[in-house]
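Chain lettering (A, B, C and D) follows the sequence in which the chains are written, and residue indices restart at 1 in each chain.
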C-alpha cells in the first residue's frame, strides 16, 4: 500500500494521469459516420434539459417548460431546448393534411383562399433570426425573489432562425380591403384553437407564416408544420399549428387577450393588448444556483433583447448597480433578436452583486424592479423586464436577489 | 356503393374533408410539456437524414456522411444533420478528463500551458457564425456528372454559430516568440490524432478554439468537447477533439496535407497547402432528384459562401447560363458564413437549366467547370467550386447535368 | 397594379369550408350563432362535462384557476371588481373577476371546452353552460335563458366590464413604455442592503440545481439538497 | 505590456506531459526519436498487424487505397512519379506515388496505425515497418535498416519528392485563385447542348431519392427505382 501511494505521488508530480496515460479514444478506433442519421448531444450534456417549474401550473398540457439558459452559448437556441408553452397539449400533425385558410367576413378579403403546405412552401420566403419570449417570463418575481436559477427566472426565452412567407405576401395575394382592414386574427389547429389579434400594421410589416426553424422544419412542440412569427411580440401571439388568418376591423378579445396576458394595475384596472416585449437582459453565467470554481478571472456572459429594435449597448455592474462598465457585444446584432454580451471580471473572493442593463435602438434603458413597481405595482404578471441581480457569496455560490 | 360514391362527390364539391371534418388534434387534448426534455424533429421529417455515399469510402469510420441540403432552410444547419467526416471514428469523450496543451519546441512558447475545459470556458469568448466545407466537397464531379442529388454533390457543407476562445488569446497568454513563430500545429485526441498546419497569421486572426455550436456544446461527431474553427478553410483543418496546439517555424506536412488534400495538377505535380474554400453557390430547391409538383411560380432557393469574405451578389440563370438575374439575399450576410438566396421563377413546363453564380467581397466570380478544368485539369479532387447546373425536364424531374 | 407571379398558388376557399372554421365571436357579437340555452340545461352540461375539472360551483383550483368567485352584486352594478383593487385579500383572480367581455367566454367555451373534448358542445349547450357560469356568479337568475337576442344586455352586467384599459404603447412596436431607467455609470444611487433574497424553501423547490448544470465549465450547479 | 487578467488561468505543462504528447515529426526530422528498425523486423510487424487491411504487399484496395504501387526506379531517380502525369492508366494513386516527405509516413504510422490500435507500435517497429513499405516500393533494399541517422538520405530517394508545389493563393485568405469567371448577364456565350448527364446506373446508386426528400413542399423526391 505504501509503495502504491508513493507511486501515485510520483506520477502526480510528473503530471496528470489523463495526459500521461493516453485515453482509450486516443488509442482505439471510434464509431462510424451516420451511426446516428440524426445526431444527438453528448451523453455528458444530459443535465441541460427543458424543465417544468413545479407549482406554476396544475396540469402539464397547459403549462411551460423552460430553456436552460444557464448552459447555453451565443444567440441560437438549440431547437431541442426551445421553451414550450402549450394550452391544450402539443401534436405531431400530418403536414400533408394541414391547411391554412385566409379570409374575412363581409368582403374584407376579396379572394378567400386555402393553402396546402405544398402551396405555402412555393411562395417567396424569408429567413430571419428572432427571439420569442413569453409575456409571463420572469412573472413570479414582480414581488419578491422566488426562483433559484436563470432557467426559471428567464427561460421562457428562445431565439431561432425562422423561414417562411411574409404574412403580407399572403394578405396581398388574397386581396384585403386596405381601407377597412385593421386587425388580423390568427388561429391554431390544436384543441384550444388558440386565437390572437395582430395589428394590420405589423401583419403588413414583419410577421412571418413560418415552417422553418434553425434550418429544418419547426419542431412539433413549436407548431409543426406552421406557426406565426410575430417579431418583438409575446410568444402567445406566435400561434402554433396555424390554420386560419382572418382579417377584420375590431380586436377580438380572445380568451388569451381578455382573461390572461392582461396586466393588472394598482388601480384595479387591467391593461389589455400589451403585446410588446420591451428591452431586457440577463447574465446567464454566472447565475443563480451556480458556484464559481475559484477566485480570479471570469468571462461574464449574458443575453440582451428588445421587441422594439436592436440592442445598442449593455452595461454590467458588479457592485449592485452603483458602478457600471460597458460589455462587448457579439455579432450579429439583429432587430428583435437575442444579442450575446461578454465582459471581463476578476472575482476577488468577496461578495459581489452582478447586474446587466440593456439599452435598445430607441434609447430605452432597461428599468429597475422598483421603477417598474412604482408605475405598475406588483400584480401585473406580464412584461417584467427588470434588471436581474445575482449575489456571489464568499463561498462562490450565486443566488437570486433583488437590489435597487 | 353508388350512394357512397355520390356522397363522397358531394363532400368534395362542398370542400376538402381535412377542413370539413375536424382532425383529432383540433378536437382532443395533446401531449404535456417536457414530454421530451430534449426535443426531436417531427416523425414526418424522417426522410431528412445524413447519409453515406455508397462506394465513396471502404469503411465507415474513415468516411463521410452528407447533410441533406435539399430539405434545409436559412443558413443554420441543424446540429443533428451536420455533415460528418471521420478518419478514425468518433467518440463521446468525458469532458472532465479532456486537456488542451499549448507549447512549442526550443522556447517558441515561453510558458507552455495545460488547460482543462473549466479553464478554457472561463476565458473571454466569442460567438460567430461560420460555414465549414470539406475540401473534397463536389469532388466526384471534376470530370463528369456522377451524383444524383445536392445532398451528395454539395452536402459536405454546414454552417453553425460557434462559441469559444480566440486561438490568439491562448497564444498570447502562453507567450509565443512573435519573431520566430510562423505556423501552428493543431492536433486531435482521436485515434488518428489528426494534425494540421495553420498559418500564424490566421491563428492570430479569427481562428477559434470552440466548445459551443448552435447554442449548446459541440456534438460528439463534431469534436465534443473542443474543436478548432478555422473560418474559410477546408473542414479537415477544423481539428476535432483538440488536445494540442504547437507553435513552430515550419509547415508539418502531416498525412492530410502531404498525401490527401493535395491537388493533382495536369503536369503531375501536386499543389500543397491549398486550404481556402473559394466562393461557391448552389441551388438547393429545386435540385437533383426532386420533381416539381406543377407548372407555375416557384421560389428558387440556395446557398452561397466564400472562404475569403462575404457574399456580395448571387445571380441565377434559368437557361443554362445564357441570361442571368440577380437573386435576393437573406440576412445576416456574414464573413465566411453561408448566405441564403431566393429568386422568383415561373416554370412554363418546358425544359430549363438552372444555375447559380456567387460573387464575393473580393470581386471573385464563381467559375464554370470548364474554366476550372482549363487550369487544374480533372484530377485535383479538392476545391471544386464550379457553377452547378440542374436540368428541369418536361415531366418536372430535376437532374444533375453539366452545361457551360 | 399587376398580380404577382405567385397569384394563382393556393385555391379559393369554399363557403362550407369557411363556415366550418369561421367560429370566432367578437365583442360586438359578430360571429355569434343564433340560439339559446337555459341555466338549467347548462347545469346538466356543467355537472356532466365540466365539474370534474372546475368543481361543481366553478370554484376548483385543482386543474385551473377558479372560474367563479370574488365578484359581488356591487361589482355587477359598477362594472368594476373591487377584489382586483390593491389590498384585496381575495385568494385568486377568478375568470369572472377578470373577464370584461361575455363574447370571450362564449367563443372560448365553444372552441376549447371541455378541455379533453373541445368543439364537442352544441350551440345551445354553449349558451346554457355559459348561462350556468353567469348564474353561479349572480349575473343572471336561475331561470335565465341566454340567447343571441339578450346577450348584449347581459354584457351590461359583466362584473368587470369597465375594468379594461387599452394601453397603446405596449401594443405598438413604435410605442414608448411608461417605465424607463437612466444609464447612470458612476456612483449611482442604490441602497446598500439586499431587498429580497431567495427563500430557503425555494432553493430546492425545482430539484437539485447541481443536476441542472453542465459537469464542466467556469461554474458548477450548487448542491441545493444541502 | 501588462498581463491580461486571465493570465493565470490554466497551469504550466510539465516536461513529462509535453514529452507524452509531443509526437509530431516534421519534414526536417525535428521530433523524430532516435532509433532504427530493419526491413526484416518491419516485415514481421506488417504481416502481423498491417497486412490484414493493407494486403501483404501493401497492394490492397479493400480497406483503403493501396499504400504501395505505381512507382518506378526512374521515379526514384527523378523524384517525380510518371504515373501521376496526365494520360497515365495506373488505376490508383497509391500512398507511395503521392507522398513527398518520408517524415509524413513516420509521423502518421506512429500516431495512427494500426488503425484499430493506434500508438501501440514501439519506435523500432515504426522504423521497421516504414522500412518494409519503402522496400516494397524499391526505395530501400531488403537488408536495409532505417534509422534517424540515414532517414535524410532515404528522403532523397522518395519517388515523388520533387512533386509538391506550394500554391500560396489557396493558402492565404487574402490570396487570389487562378480561376475566375466574369459576371456576364445577357446573351452570354454557352454551348446549347448538355455536356454531361447523370449516368443511368448512378440514378439509383444512392438509394431511392424519393425517400430522401420531405413529404411536403414545392417538390417531391423522384422515385429513382423506376
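By our rule, contacts are C-beta pairs under 8 Å (C-beta built on N, C-alpha and C of every residue); 3 or more make two chains touch, one makes a residue touch a chain.
Computed from a prediction, not measured in an experiment: that's the story for all the values here.
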- Item | Third chains touching both subunit C and subunit A | B
- Message: When contacts are scored as defined above, which chain pair ends up with more C-beta pairs, B-C or B-D?
- Response: B-D
- Quick one: report the Å distance separating subunit A from subunit B, using the average Cα coordinate of each chain. 27
- Note on the structure: Distance in whole angstrom between the CA centres of subunit C and subunit D is 66
- For subunit B paired with subunit C, centre-to-centre distance based on mean C-alpha positions, whole Å: 46
- Whole-angstrom distance, CA centroid of subunit B to CA centroid of subunit D, is 22
- Got the subunit C residues that touch at least 2 other chains? 6, 9, 13, 17, 21, 115, 118-119, 214-218
- Query: Mind pulling the subunit B residues that touch 2 or more other chains?
  - Reply: 16, 19, 26-29, 44-45, 48-49, 51, 59, 71, 88, 95, 101, 114, 116, 118, 122-124, 191, 193, 217, 225, 243, 293, 296-299, 344
- Have a look at which chains touch which and call the overall pattern line, ring, star, complete or other. other
- Message: Output every touching chain pair, sorted by label.
- Response: A-B, A-C, A-D, B-C, B-D
- Note on the structure: The subunit A residues in contact with subunit C across the complex are 44-45, 47-49, 51, 53-55, 58-59, 62, 68, 70-71, 87-88, 101-103, 105, 111-116, 119, 122-124, 144-149, 151-152, 169, 172-173, 185, 187, 191-193, 195, 199, 201-202, 205, 232, 243-244, 246, 248, 250-255, 258-259, 262-276, 278, 285-286, 288-293, 298-299, 307-308, 313, 315, 320-324, 353, 357, 359, 362, 364-368, 371-372, 374-377, 379, 383, 387, 391, 397-404
- Query: Where on subunit B is subunit C touching in the complex?
  - Reply: 14-16, 19-20, 22, 26-29, 95-96, 116-118, 121-122, 217, 225, 296-297, 344, 346
- Query: How about subunit A: which of its residues touch subunit B in the complex?
  - Reply: 16, 18-19, 23, 25-45, 48-52, 59-61, 63-65, 71-82, 84-86, 88-95, 97-99, 101, 114, 118, 122-129, 161-163, 189-191, 193, 211-212, 214-221, 224-225, 241, 243, 293, 296-299, 301, 328, 330-332, 334, 340, 342, 344
- Once bound in the complex, which stretches of subunit D touch subunit B? 3-4, 6-7, 9-13, 17-18, 21-24, 26-28, 30-31, 61-64, 80-82, 84-86, 93, 95, 98-101, 103-105, 107-108, 111-112, 115, 118-119, 160, 163-167, 169-188, 190-192, 194-199, 202-207, 209, 211-222, 224
- Task: State the interface residues of subunit D toward subunit A in the complex, per the touch definition above.
- Result: 5-6, 8-9, 13-14, 16-17, 20-21, 115-120, 214-218
